[in-house]
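Letters A, B and C mark the chains in the order given here, with residues in each chain numbered from 1 onward.
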């Protein structure tokens, strides 16, 4: 029995008097695709920030592959195999697409803070970067400055940077927000492809994406998880219906 | 030597020819110019100016590792320049007094390396508390630390030599490349060698993983954390490297001037390197080089002509901050791109702008020069081109007000034209 | 005992002067995100304006008009200078004020000369107020105390009782809301910048004749004021207040201590004649603010009262 990829135990987070996360318990198995849904202000982003080390919990713990990471800084968490994307595109706008992905690759390939190698001559890094660009379909735009990319491509690049370091646990924060239908479909296909064999945790508002992609779903309301289960269980759960999902929403994706 | 990241992006990957043109050719030209200069038989004063320029080029390039590349605004960069210089001078003292042994075999030619070590060490010690913050707090901390070190400089006479500083003699120890370093022409070769080498190394640094990540940290420290880097660590390492190259420039200066005083650690030279770099253009690799050349030239020539040269420097700096934030290099690049895109029309408006600025400058210069002479109280009168401009004469005020109104009016008119053309 | 009482008084006075400078700096920083590098230059302008006005019409008019004049210069600077640079970000704004400090320094040298000017304490206040332990205490220092406290109260009332004060207070704690103030943001910025500069000018008026009025006065106090705002925590008025008084007292007490390192650490074997042993506490006084800065940074990088990560 191996440790779960991610285990949250009695997690709390308060900002002053405001209790944002109030006792979250969750176990996510390796290779699972897990979606977190919930109304606005439920604490989804805070939960992501707690897991990725941006915030430190008030109490409780976060374990990654059995190791406690709840008091680690983001870069330490990242080096232990957890990577995340951002709700708002958060790429290096002054760099080209290729350079962006390369930034994601460098550390994992052992070139951390080195100042004795020319990045242009690091063959394995270049190959890995090209492979990732190929994988996500950005290779044609590799030399374009990231700032000039169309919105959907920026979101793709965001995902590319996130997976570039080879992390085993991937957190995606609303990867399809603001996309059109066809763009969303392509993004979902990309996410499935890019996170093959990895553990995926996704925050998403688009129920079509959630129910099509996730193995299990957790519903977060007011800082607490009120239900966790397979999509059909969640769909049938009366508490979820009451607390969050409008009935018509569910019919649409059934 | 131009910045790939800002403008001129090509849709395709840079070809080898482009890479050569952008990355290799400028350095070949730079080195060629350095080699060719002595053929024209420069005078003594020309040599000393060239040497000062070389030192300032390295100093400004090292500063831009912080300001332009890592986005760190420092008000205390002269500390590393000064400490490197002091380290080099002490090493020169050891060479002078060496009776064989290790220091007996060290050439003075290698002093910039000692300076590098001194500057990098200082950067490693001081950078540790400083680099925990970025942005405004970092700027203020660098200022406070610089004041602290400068004050200590005056306190520890055995290291810093008090008000008089410490001096050395460069004509000791083994010779390198057959240079005795006695005549200033030989010192020129020493300066040229280290200037070209340091510029190359600093450029190479921008191409390393650490160099790239320092730019990434400048633009988006949050994202950097989530690709496995600690932004504090990135800044700290860049800070050490920048301190090292500033120290290298200090070592060059130690050999060139053979003296260092605690003044060299103070806020004034720190401010000057900031101005050189920014006026030159922090976004471009060549910017600080340009800034160092122009401002060192201005410093040595203008300060002979006018006492108010610092005022002109301040005016130039503020004008650049307000109207040309990419500095002289940005102006040159804009001129180049604009002319290529729209041809002569662009060049014409540009020339008109230069004329307008020149006209306005006449007013400013007359005002400043007349004021300076009145303030000195020696009864001196500003007499350009045989004119006799006293503070009371109406001609003086006409020469202040008319050019200012005409020049600024013209500038405004040109700006409006451009806006209309743009809209 | 004697030294303690006098140092305490002088330290508080110096601390309050520092607060007059750092409060304006903090207000401007909190509202606009700009660290006004030229702040100490406005302090210098205050002293010189007061010198000129008082030589024509006396000190009391200078006390009123010099700060107003400085405030107007500040507001004009914001309107025609800083506002243009605003779009290029905070570093550009900081650099603009850095260049401005350069310019003001040079202009002051041209107008008033390179040496210190004879800006004197007004005759009305030029007498010993009381005698303590056989030493006379000048009335003007108590006057400084009075003006500084009056300013403190006025600032407090402004912040607590007026609409503008409420906006400023909100901005202090929630900088992101400044953007939602609507169309009069530029006017608020100009006012805050002007008022902040006027406060610095006031400090110059009452500090210039107490300390010295020369072209170097800006560069000598400027870095200390920046230390105050960083130590107090950028953007925190309370922090600036505590740090000002702390620094004022620390420096004043250090000056009065004549002991050398050898006296203190003699038991460690530090000799009287060694270079380190000869250093006196008094000679360390100018360095104390910067030592304190480094210490605070190591223990508490955000400063005493700072809760913002900037």
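We adopt the following convention: a contact is a pair of C-beta atoms (placed from the backbone, for glycine too) under 8 Å apart; a residue touches a chain by one contact, two chains touch by 3 or more.
Worth saying up front: this structure is predicted, and the values here are computed from it rather than measured.
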item: From subunit C, the most remote chain by mean C-alpha position; value: A
item: Chain with minimal offset from the mean of all protein Cα atoms; value: B
item: Separation of mean Cα positions, subunit B and subunit A [Å, integer]; value: 44
item: Euclidean distance of C-alpha centroids - subunit B vs subunit C, Å; value: 31
item: Euclidean distance of C-alpha centroids - subunit A vs subunit C, Å; value: 48
item: Contact footprint of subunit B on subunit A as seen in their complex; value: 52-53, 73-75, 78-79, 83-84, 86, 90-96, 99, 102-104, 106-108, 111-120, 122, 142-145, 161-162, 164-165
item: Complex interface listing, subunit C residues touching subunit B; value: 29, 35, 81, 84-85, 88, 90-92, 94-96, 98-100, 102-103, 105-107, 109-111, 113, 219, 223, 226-227, 229-230, 234, 275, 279, 283, 286-287, 289-291, 293-294, 297-298, 301, 310
item: Residues of subunit B touching subunit C in the complex; value: 71, 73, 75, 129-130, 132-133, 135-137, 139-141, 143-145, 147-148, 151-152, 155-158, 267, 271, 274-275, 278, 308, 310-311, 313-315, 317-318, 321-322, 325, 368, 371-372, 375, 377
item: Subunit A-facing residues of subunit B, complex; value: 5-6, 9-14, 204-205, 207-213, 215-216, 219-220, 222-230, 233-234, 237, 241
